[in-house]
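Each of the next two complexes has subunit A plus one more chain, namely subunit B in the first and subunit C in the second.
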Partner chain A sequence: MTEPILSRLRAKAGGDATLYAYGVLLYLFLYAPIVYLIIFSFNDATATTPPWRGFTLQWYRQVLQNVDLRVAFLNSASLGVMTAVISVTLGTLMAFAFRWRFRGKGFVFGLLLLPMLTPGIVLGVALTLLWRFFRLTPGLFSSTLVAHVIYTLPFAFLIVFTRLHRFDRSLEEAAMDLGADHIRTFRHVTFPLIRPGVIAAVIFAFTLSFDEFIRTFFVIGNENTLPMYVWSMIMTDSTPQTNAIGAIIVGLSLSWILLGTVFLRR
Partner chain B sequence: MSHSRRLFRWVGAHPGLGIWLNLLPGVASLVVFVFAPLVLMVFVTFWRSSVDGMEPIWNLDNYRKVASDPMFAGLLLKSLRIAVTVTVVILMLAYPLAYIIARKTSRYKHLLLLLVFIPYWISYVIRTYAWYPILGKEGAINYVLGALRISAQPVELFLFNEFSVHVGLVSVFMPFAVVPIYLSLERISPTLLEAAADLGARPARSFLHVVLPLSLPGLLGGALMVFILTVGAYVTPQLLGGPSGIMLGNIIADQFGGTFNWTWGGTLSLMLMMVTLVVIWLVSRRVRVGQVFLGD
Partner chain C sequence: MNSAGRSPYDLEIRGLAKTYGAIRAVDGISLEVERGEFLSILGPSGCGKTTTLRMIAGFEQPDAGEIYLQGTQMGTTPPYERNVNTVFQSYALFPHMTVFDNIAFGLRMKRLAREQIARRVKRMLTIVELAGYEQRLPHQLSGGEQQRVGLARALVKEPTVLLLDEPLGALDLKVRKRMQYELKRIHREVGITFIYVTHDQEEALVMSDRIAVMNQGRIEQVDTTFDIYERPQSLFVADFIGESNTFAGEVVATGEDVSVRCGERVVLRGRPVSAALPVGVQVDVVVRPEKIGMGRPETSHAGEENCLRGWVREVVFQGTSVKYVLDIGAGNPLIVHQQNSLSYPQAEFLKPGEEVLALWRLESTLVFPRR
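Up next, the complex of A and B:
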């Protein structure tokens, strides 16, 4: 009797080991390029490829002295903040409406998912055409802001809506029964309950906007965002300075994920 | 203050109105900045390109080109083929990983999940660029091959072709499939598997008849996201593709850059949109697309 159980256990352990080896390989595939990029941002050579010539911080020094890059970074950061504020406000308002039944709900939901299900390049083209049709000048806080708000809106909505959907509505009813009006109920019951979702949505929308490339590529006009600047660097001549910028962007993204998970855990 | 308070209370007493006030800003922006531009794009395909973009001179030239230009047909088929291949490869790679994470009960589970999430948040321009010095002629792979004396000459097969486009797209978009698959697997109650085992089903059978069907929404949702991202890809083929790895997205961008044929660019975008809509329709016949994103 012990024999089959033992062999089955052994088979299971073997299967698990294969699974884990598989998992490790896949994580390696996802991470090796990023790690490699970071390592070679410290390489004391003009090439981004082996061999290793020694450790240097000169590429980072160059990044810090690069004025165009600083402008692009500030553009991206302020665009990200504005995008996050607008899109999470719109998304939260819509999420509240979606707690009720109303006519055309399916249609509105479809409309909301449309920017998420349309290839980014198609939206970029469509907005370019719209701007040209009305003879508007594309720019950072016009066409690009619009493109980013539209792009992040479905994500903001979905994050806040799942949060709203999950909590017990009788909590609000209890507050109303106890004499709180709509404003007080919202301030003291509803909002504290969805706050983690709202903050997560803000961080997520900011990150999506900060990294957005393809829609921006079409509608940015003469200005620059960080991904656009990085793109032009890659296209002209990739030096370890590009790696250093990449490493900095990876570091920034990591800190936002950390922020996001802290707020989502609450 | 008392005015706004009274207004707020009045709206609260009329929930129907409140709903539409809540929806108004969002719906208005979506109609003006998504729906209307897409409709305009359809009109533009019947117009003529001009020095400042497009002129409303109605004609069918772009559709004649669609019907007769072999370049276009080849490019569309190639983009579809790459998108389907990449989607299938990603699903086959992502499913087992999502399965491992979902089945785990230890404290590493959150770490493993976080490790999938992280690339999701890192700029795909950077992640695509990162392959550059690995696959290139003087890149890491060739360096290792040379150091191990496997090949004397650097191999130029790794970069600037369809192979590197596939590698780039698979690695860049994989997290978009792992996450929805994981979420749908996570929701499957273990009691269902115990019940299947009690009724005599072997693991393989209970996987095929219980786990797989129940994870279908996540699987199809992930497939949909990956397909949409891949079929309209621009960055990866532009960076890693070289002349032979070009996809539809690159030709679309060309029409708004050097080639300067906006209405043809609009027509190609419309074709891309049509392909996407067909795929969404196919997926929505199996699962409600809303269900995929709301998870209930």
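Up next, the complex of A and C:
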């Protein structure tokens, strides 16, 4: 993927060696850790570090056979889906609310976006204490889901809001003028036009939730998500299996984003 | 819901009013529009014309007054249940739908049969001369084409009244001129009542059967285009439509016509537009630039009641006409338009500084009481 960019850079620089070297270093800086991770997921050795001992797929085989890992992965995926659905639904509804004028609109807007800037540890501690106060058991689809929705909601809201804000209201008037009631106007005109924003919000919320660590760490209780599992794996016995998991996550994320782009362009 | 035939009017407005905060956008207007009429609502921006249109469409609720469509009171009927359709200034075409789907939208909302929709859309496309454009998307069309689609989309529903909100405002001059004639043709072809909102007095004159001139939320005058131009009922209408010379003065003699002193030496004779004007009343005298003739100072002119000695201050050649700015000592300069019917123009035009007589008839002189 970097190749055409590099060659273009070379062409533009007209053989300027400094600029070329700068480009190479920059991309190395950005991608070397990931490339390193992927390469050593194929290393036929028990250590995750060089030297290279030959090619093997055994770490991937182990990943597929790892039941704990599968549970963690499914937990993360279903948590991500639920988070995305709840966040984007709430965020979209709130974005619609912001089409109206009301007292203190700016203040409420700021308040909505605040969780974006709240440090993860603050939310984690706060939710832990809250759960303790009510004597509830923390878990995946209780405290963790709440934490993830709080975390992703401002992002989902902001993405849909931006889309709605640019929306030409006269299109909705035109639809109603042509005989569509509010529901059909939404179905045939408003929603199709904000759909790319909604899809982008879903992808974003899912990705944020899927990768979330700090908040989850506080409120997960005795269950596991994928990032939690990987972290504990590295902490206890680190094998190239960790690399393989990393490589798989990279691959999944890339295809997920690619899919999103395809949808967005439609 | 439909009581067609009972009312002679497609649209009736009674005492309509709308206030935004402290601003009276529409301040109690009444209007009747006959079946098949092309009526323009004309006025400067902020006069309430668009608000009026939006209340007819049902996008805004009036604070007072009523709207009747073919005799049926609209009340709080939502836009999607009113038999009116709107052509928007911004076109408001659905960007994610093809030309066909845009035009078919209203018919689909009515749940008409597929073949019927196809037939009516096709006929509409022929009328607006866009046959073959069915599968294009709005962004692939020029402004003029987009507005034709907007027009077709509204007309295909065969509304009682078609509302047009400055539909040509975003087009460039040449396309606009062509679309004016197109709209007239389409109006004749479909026979639907058109309510056309514009701030462009020339456009209103070219297209309308009648014009309602609005100012500050009120209707100043509703009349045929001819009467709006020739017999304006207020200084605002006289001033807003066409060009006019306006002189402030005081009535010095009164009878069937009045004499008005404007400045030291000038007395103009004219017709009061409304009530008789007693001596001493402050008035405005209006005369259109093209109603004024010019003659050599040495000749005598018995036919024209107003004959003033003046000096040419400026000559502006405008192609089809020549504009003279004359000093007549009546406060404002006098502007005169003369048709350029000369074969050898340079030889015949007046020069700055020349002395002339400006002549016009009593009937062309409108006298308005100062408000």
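The rule we apply is simple: the second predicted complex is superposed on the first by the 242 of 266 C-alpha atoms of A that agree within 3 Å, B and C clash if a C-alpha of one lies under 4 Å from a C-alpha of the other, contacts with A are read in each partner's own complex, and residues count from 1 in each chain.
As a working rule, a residue touches a chain if its C-beta (ideal position, glycine included) is under 8 Å from a C-beta of that chain, and two chains touch if they have at least 3 such contacts.
Values in this document were obtained by computation on a predicted structure and should not be read as measured data.
Let me test your reading of the model: by the given contact rule, A:D168 touches which partner, first (subunit B), second (subunit C), both or neither?
second
Once the shared chain is lined up, is A:E223 touching subunit B (first), subunit C (second), both, or neither of them?
neither
After lining up the shared chain so the two structures overlap, which partner does A:P192 touch, if you call subunit B first and subunit C second: first, second, both or neither?
A:P192 contacts subunit C only, not subunit B.
Answer with first, second, both or neither: which of subunit B and subunit C does A:D181 touch in the superposed model?
Both partners, subunit B and subunit C.
Would you mind checking which one, subunit B or subunit C, touches more residues on subunit A?
B
So subunit A touches subunit B in one structure and subunit C in the other; where do those two contact lists coincide?
181
Flag every residue of subunit C that touches subunit A in the complex, lowest number first.
57-59, 78-81, 84-86, 88, 90, 92-96, 105-106, 109-110, 153-154, 157
For the complex, which residues does subunit A have touching subunit C?
By the definition above, subunit A touches subunit C via 168, 170-171, 173-181, 184, 188-189, 192-193.
Enumerate the contact residues on subunit B facing subunit A in the complex.
5, 8-9, 12, 15-16, 18-20, 22-23, 25-27, 29-31, 33-38, 40-41, 44, 52-54, 93, 96-97, 100, 112, 114-119, 121-127, 129-134, 136, 138-140, 143, 171, 174-175, 224, 228-229, 231-232, 234-235, 239, 249, 252-253, 256, 262, 265-266, 269, 272-273, 276, 280, 289-290, 293-296
Name, in rising order, each residue of subunit A that touches subunit B in their complex.
19-20, 22-23, 26-27, 29-34, 36-37, 40, 47-51, 89-91, 93-94, 96-97, 100, 102, 108-109, 111-123, 125-130, 132-133, 146-147, 149-150, 153-154, 157-158, 161-162, 165, 181-183, 207, 210-211, 213-214, 217-218, 227, 230-231, 234, 238, 242, 246, 249-250, 253-254, 256-257, 261
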